[in-house]
Amino acid sequence: MAGNTLIEAKGIYKSFSGVPVLQDVHFEVKAGEVHALMGENGAGKSTLIKIITGVYTKDDGQIYWEGKPVEINSYQDCQKLGVACIYQELSVIPPLTVAQNVYLGREPRKGPFIDYAKMNQMTQELIDKYQFPLKPTTVVENLGIGQRQLIEILKGLSQDSKLLIMDEPTASLSGKEAEMLFKIIQKLRSEGVSIIYISHRLEEVYMLSDRLTILRDGKNAAVLEKEDIIPAKVIETMIGKVVDESAGSRKMLHSDDNAEVRLDVKNLTDKTDRYRNISFQVHRGEILGLGGLIGAGRTEVVRAIYGVDKAASGEVWLDGKKLNPSPKASILEGIGFVPEDRRNQGFIPLLSTTKNVALTNYDIVKINGTSISDADELAMSKRAIQAIDIRPSDPNKQVGVMSGGNQQKVVLGKWLMRDLKLLIVDEPTAGIDVGAKDEIYSILEDLAKQGVAVIVVTSDLQELLRVSHRIIVMRKGDIVKEFKNVEVTQSKVLSAGQGVEEEAE
Amino acid sequence: MKRMNQTTMRRLISIGMLLILVVLFTILAGAGKGKFFNFDNLIEVVRDASIPAIIGVGVTFIIITAGIDLSTGSMMALVGMTMANIYAYTLLPFSVMMLAGILVGLLCGLCNGIIVAKFNVPEFIGTLATMSIFRALTYIIAIRDANGVIKSQPMNHSQYTWLGTGIGKFYYVIIAMIIIVAAGQITLKYTRFGTNLYSVGASKKAATLSGIDVAKTRLIAYVITGFTVAIGAIFTTARLQSATTAIGMDFEFNPIAAAVVGGVALSGGSGDVIGTLIGALFMATLENGVRKLSINTAYQYVIKGAIIIAVVIFDATYKARMDRKAREEGAKEGLE
Amino acid sequence: MMKNFNWSKYSKPIILVAFIVVLSILRPKAFLSLDNFSNVLWSVAVIGIMVSGSIFVFLIGGIDLSIATLCAFSAVVVVSVTHMLGDTPVAVIAGVLAALVVGALAGAIHGIIITTFKIPAFLVTFATQSIFLGLAMVFTNNKIISCTVPAFTAIGAFKILGFPLPVYFMVIIALISWYILRKTVYGRYVYAVGGNPTASEISGINVKLASIVCYVLSGLTTALGGIVLASMTQQASSGTGAGYTNDVITAAVIGGVSLLGGEGTVPGAIFGAVLMGLLNNGLNLMSVPSTHAGLVKGLVIVVAVAFDAMQHADQSRKKVKKVKKASA
Amino acid sequence: GGGATTTREDTAASSGAAAGGSSAKVKVDPYAGDEVKIAYIAHDIGTPNNQGWKEGIERECASWSNIKVDSYGAEESAETQVQIMTDCINQGYNAIILQCSDGTALAPSVKQAEEAGIPVITVNLDCSSDTIHSALVMAVDYDAGRMAADKMAEQMGGSGKIAIIQGVPGLERTDNLEKGFRDTIANYSGIEIVDAQSASFQKDTAMTVMNSFLQSYPDLKGVFAINDAMAEGAALAAQSANKKGQIVIWGADGEKDALAMIESGDMAGTIYTNSWDEGSTAAKIALLMIGSEYDYTCLTATPKVIMEPIVVTKENVGTIAEEDRW
């Protein structure tokens, strides 16, 4: 199937602020293949993609298109060649409609004017073709992150390109949408379109890719042919150690009903009906998984528990004490919260790791009179960096320019510095590499062992099964199912989320 | 479709607020000849709004890209003084004089664009600097009398001053405003450039990743503003029948205020030219109406400020409600 | 060695030193004297005082267009109250306190309106600018009210070690402001709120309260600026402080404060104020005609800020060669 | 630019310009108790002079209950002032007292008002000379500059260095004042004008400018500031540099504070005009014009009422009574 070399990047160098990110990288994609690009967080995958698509200027190296050297200085240049790219950081424009976003810069025109009727119709055709839950005229700012990801994908698909690059397209998709995407990818491949596929979800990569390039610390680590893509080997090449990635169907860890109840949520109901009568408990040392499709209302529920949004009615009790939730009160009561939208809600991009880590912890940082002890603040951030291996390990690095995975570690790291009773994590590993994922899982498990109650909201079914002691599935604002001390499979959870009862039960 | 209704609703609300203001002044200052509410006075209000509205079209483009232009007042003076020089020292036809003025406006806009978009100087400070540069250039080319003292240059040739008048009370400047506002609105809503403006304003990074030439888009917005400023300068000098170095002094906040009152967010990515027009009308009504109250100037300032605050509070409260509703709609849509 | 030099870090002191060197060469006698430095500092004192407080507003991504008229209003308040209470030293103290209260109140009103209704600071302060001007006119009946009470004029003119009091005020206020921003928890919160209000909210910061305090601090220093200005000129009117809004914002931005919020330091802002003071002083000493001064000033500002912006952008490019060599 | 300007032929303009004439004049007689309203349109309502004029006008009219005065400020902008003029014409004011921001720019509006039968009395600044209107009440700035120069030269003993503190460039009034001053100083061979800097009419800026003058010219003997606020600033700066009374500092306008500083020896002199008097004179003329048979179109020039500027120094400052200090 795979034919001649379509695009080739040779001897690519790139550095930011003097720190080398890519060194002598070689990367080659053949016509009609799905080529996966893997590597740890910060390995330089996204940077390589941005160089290929002209967003960053390379420091050195050469790119060849169908064997001929080309200069790509802007995204338009690569569009002309027939390359489309779905970037990791979403590039949808919130004030525009879905259709405007999909055809941004390529709007169908009548004379000098945009032909909106045609554009909406073309978008509707695309939506129908791929069956995405979208409407052409919806303004994007009113949509959630998952839907925005779908728009981004639609935009890439609409370009009929020879090469489609996808940088972590499934990071904020739930199982159902991801399945749809995989089908689309397979269809495109059969039509001869080349695809560069970046993901931290290994099973996707194994399933989809024809070849695999692994980057490590900004250098080429390996190029594997389909038959050589063996999970253990890939992981080892990527991160230098072996991680157990096996999971599919397994028995829940034992969830002990007799353990002390830490969190008791009673009849929580939303003002605007995004969830209703939510009641559940989390015990000491228990990891509760919260599953469901995009838009099931899980995020809203956990935000209400933590106190970012106020629920219309219902109560939240922690260790037998009724809470009046607000972020500040929650923090002081021993609740930690990792929001799903990392970039917009998780951290302060302009500030350093140190200041981000310390932000929620000034009640425990040493303060002389009114003056923060810089040394103590720094020591705390060094502890966090050490505890979850944040890279770069420079505590003064601006978090805004760090890779997504490391940003997530910073967001999580600050909660590990305090004594927690309850930790809520919403999509904790979106866009995080296997190694780091594994670390995060073990951090969550460690916390649980220490008696912390943990709530994990995740759309990654594998993850849900991997970490949860008990699973609650939500659908359209209601709790529809609980899996406790039973055998669960991904498909059972999925069908509960979709509202399809399995006959097998 | 829902969103369509929402913008329409908001538009209706802002028109409503304008009308309330008109009614308020009609009650306080009276209707009929010599009062607030009569044709002659209302048409003057529109006339007063037209220069900020015309220049506001360009400024709206810039603000939509999350930029700002503080140099429009000085730019007006420079354009005016350029034309005054041609008027005074040459016998070139007026059309050539006006073209030269427009050219200067475009060049000024280009300067701003280059400083801001190419050299990445923050908009506020970049255009604050050009504000003093353009004013200084105006002084330098100012026309001086035999003693070397700067003087105002009359430009009272009837072939030019007709621009300052109208067909009866339908002033040409109002007609120009309607044309420019319409052109601006169409550009904004129905061309790629317009979409690009919104994209750049919403997120420069996302716009870059979508293949939009961010620097070029911003630059063109500044150049367009240069054009609208030149048009504003032409109508102003035609009405004043002269050009002075003081034209446009402290003017720069007027179009910005018109835009912002009209719902163009300074953070970029939202608003439109019609909003700016309504904002300009609102500000002009306020200025004019407060004058009719026959109260001490000092209190006029207080009342003006208080009304603006009251109105924006109302608008913000309303907008917050609309936005929440729209998000809920969006969320529901996602479920289907 | 030189190649490793971190230009962007030191660009500000370098620009300052370059300026001083150029002026020293061009106008050695007039420029290089203690008196002149004292004068320059004195002329930037008011801007320095005001920018030390306004920086809080800029750091949370706000802006204050009412600086000039609030300055006028508080100047009017201090003088009127002093007159009202009989021009005694105690009256002066009462006047100063009254003006500070007015400033703090004005700031609180700004903060409350802006945060409660989520209205852009630009609009609110654009409106209050008009209100403060009106109030200043009401209180003075559009006149200049002068005040030559020694206890009052001393605020602006009394000298210690050759430097007038306002210079010390500037230094003290700047130090306090620097301390708050650099050392206290509240300072950390200000940067966080400016950098990402949503994330700050989730991190348990009372974003609303933190923002209101920023506006109050800005109001306080603006009022103090007004008091000092009134004392320096021995009078107050609705025109006191005209032009200071732009001067304060310019000083802050030249000093590296981002009007988008989250970025900037007090030393930077003071640097900006001093640079502007030196620039004005230089233009005066060089007898540049006022018609041309704006041109020079504008160009210097553009070049200085563009230079700073380029330094940021160029950082990455410079190191390339070294990396290549290392890996070759 | 400089040099001679070109004349453009305009056949259309001269005809029909004064066509409307005084026919539109409304028959009212303020002295007979008819309701009358007068508008005062200031360049900037917030300055002492403008306030002085305003109060002069108000005092003059205060004794008549049938006369109403409204004051407007144009925020230092000719464009705004033109808008207010149009507004006042529409409002049907019986007379307008106008302090032009810019004589040339306001000329069309003045013409329009007169054509509508509303007498316009300009104060302090004429509108362009071919715009004939009811009256002009003014001080002659050029002459004032000359008088200041002569007196200053005398005080300086005919020799020494002088620096000028200017206002905002390009304003006709202050430019004329400076011109008169310079022309006269040129007659004194011993006196040299070494520098001229703008302080934008601001007292605090003037202090800074004065400080740099003191640095640049240690032997500076005289300073002429184009308005009193700046002269006061210069005097304060001299005071704090321990040069009180050593430098001959002059201002212009004659506001209250400046007179006090002359008394205390901080300033050497100023040009005094009585703003109240000017204002009330303008108001008197306005009342005469309203409803009179008087037809301005038959004039060949605008009638001028010259308010004689008075040179004030320490010797005669005492003669200005407290109630004449504005």
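Which chain is which? They are A, B, C and D, in the order written, and residues in each are numbered from 1.
The rule is simple: contacts are C-beta pairs under 8 Å (C-beta built on N, C-alpha and C of every residue); 3 or more make two chains touch, one makes a residue touch a chain.
Owing to the predicted nature of the structure, the values given are computational and were not obtained by experimental measurement.
*Asks:* How many steps does it take, at the fewest, to get from chain A to chain D if each step moves to a chain that touches the one before?
*Replies:* 2
*Asks:* Could you state the distance in Å from the CA-based centre of chain C to that of chain D?
*Replies:* 34
*Asks:* Roughly how many whole angstrom separate the Cα centroids of chain A and chain B?
*Replies:* 44
*Asks:* Averaged over CA atoms, how far is the centre of chain B from the centre of chain C? Could you give it in whole Å?
*Replies:* Roughly 29 Å separates the two chain centres.
*Asks:* Once you find the CA centre of chain B and the CA centre of chain D, what distance in Å lies between them?
*Replies:* 33
*Asks:* By residue number and range, which residues of chain C touch two or more other chains?
*Replies:* Counting only residues that touch two or more other chains, chain C contributes 137, 142, 291, 293.
*Asks:* Which residue numbers or ranges of chain B touch two or more of the other chains?
*Replies:* 139, 142, 296-297
*Asks:* Among the residues of chain D, which are close enough to touch at least two other chains?
*Replies:* As it turns out, chain D has residues touching two or more other chains at 45, 169.
*Asks:* Check the chains against each other and report every pair that touches.
*Replies:* All touching pairs, sorted by chain label, are A-B, A-C, B-C, B-D, C-D.
*Asks:* Would you mind writing out the residues of chain B in touch with chain C in their complex?
*Replies:* Chain B reaches chain C through residues 115, 119-122, 124-126, 128-133, 135-137, 139-140, 142, 253, 256-257, 260-261, 265-267, 296-306, 308-309, 312-313, 316-317, 320.
*Asks:* List the residues on chain D that touch chain C in their complex, please.
*Replies:* Going through chain D, the ones touching chain C are 45-48, 50-51, 54, 166, 169, 195-198, 200, 202-204, 207-209, 211-216, 229, 232-233, 236, 239-241, 255-257, 260.
*Asks:* Quick one: which bits of chain D touch chain B in the complex? Just the residue numbers, please.
*Replies:* Touching chain B: residues 1-3, 5-6, 8, 10, 12-13, 45, 68, 70-73, 75-79, 82-84, 86-87, 90-92, 101-105, 107-108, 128, 168-172, 175-176, 178-179, 183 of chain D.
*Asks:* Applying the document's contact rule, which stretches of chain A touch chain B when the two form their complex?
*Replies:* 55, 74-76, 79, 85, 87, 89-97, 100, 104-105, 107, 109, 112-114, 116, 133-135, 137-139, 141-144, 146-147, 155, 272, 274, 294-295, 476
*Asks:* Which residues, counting only chain C, touch chain B once they are in their complex?
*Replies:* Chain C reaches chain B through residues 65, 113, 117-120, 122-124, 126-135, 137-138, 142, 246, 249-250, 253-254, 258-259, 291-299, 301-302, 305-306, 309-310, 312-313.
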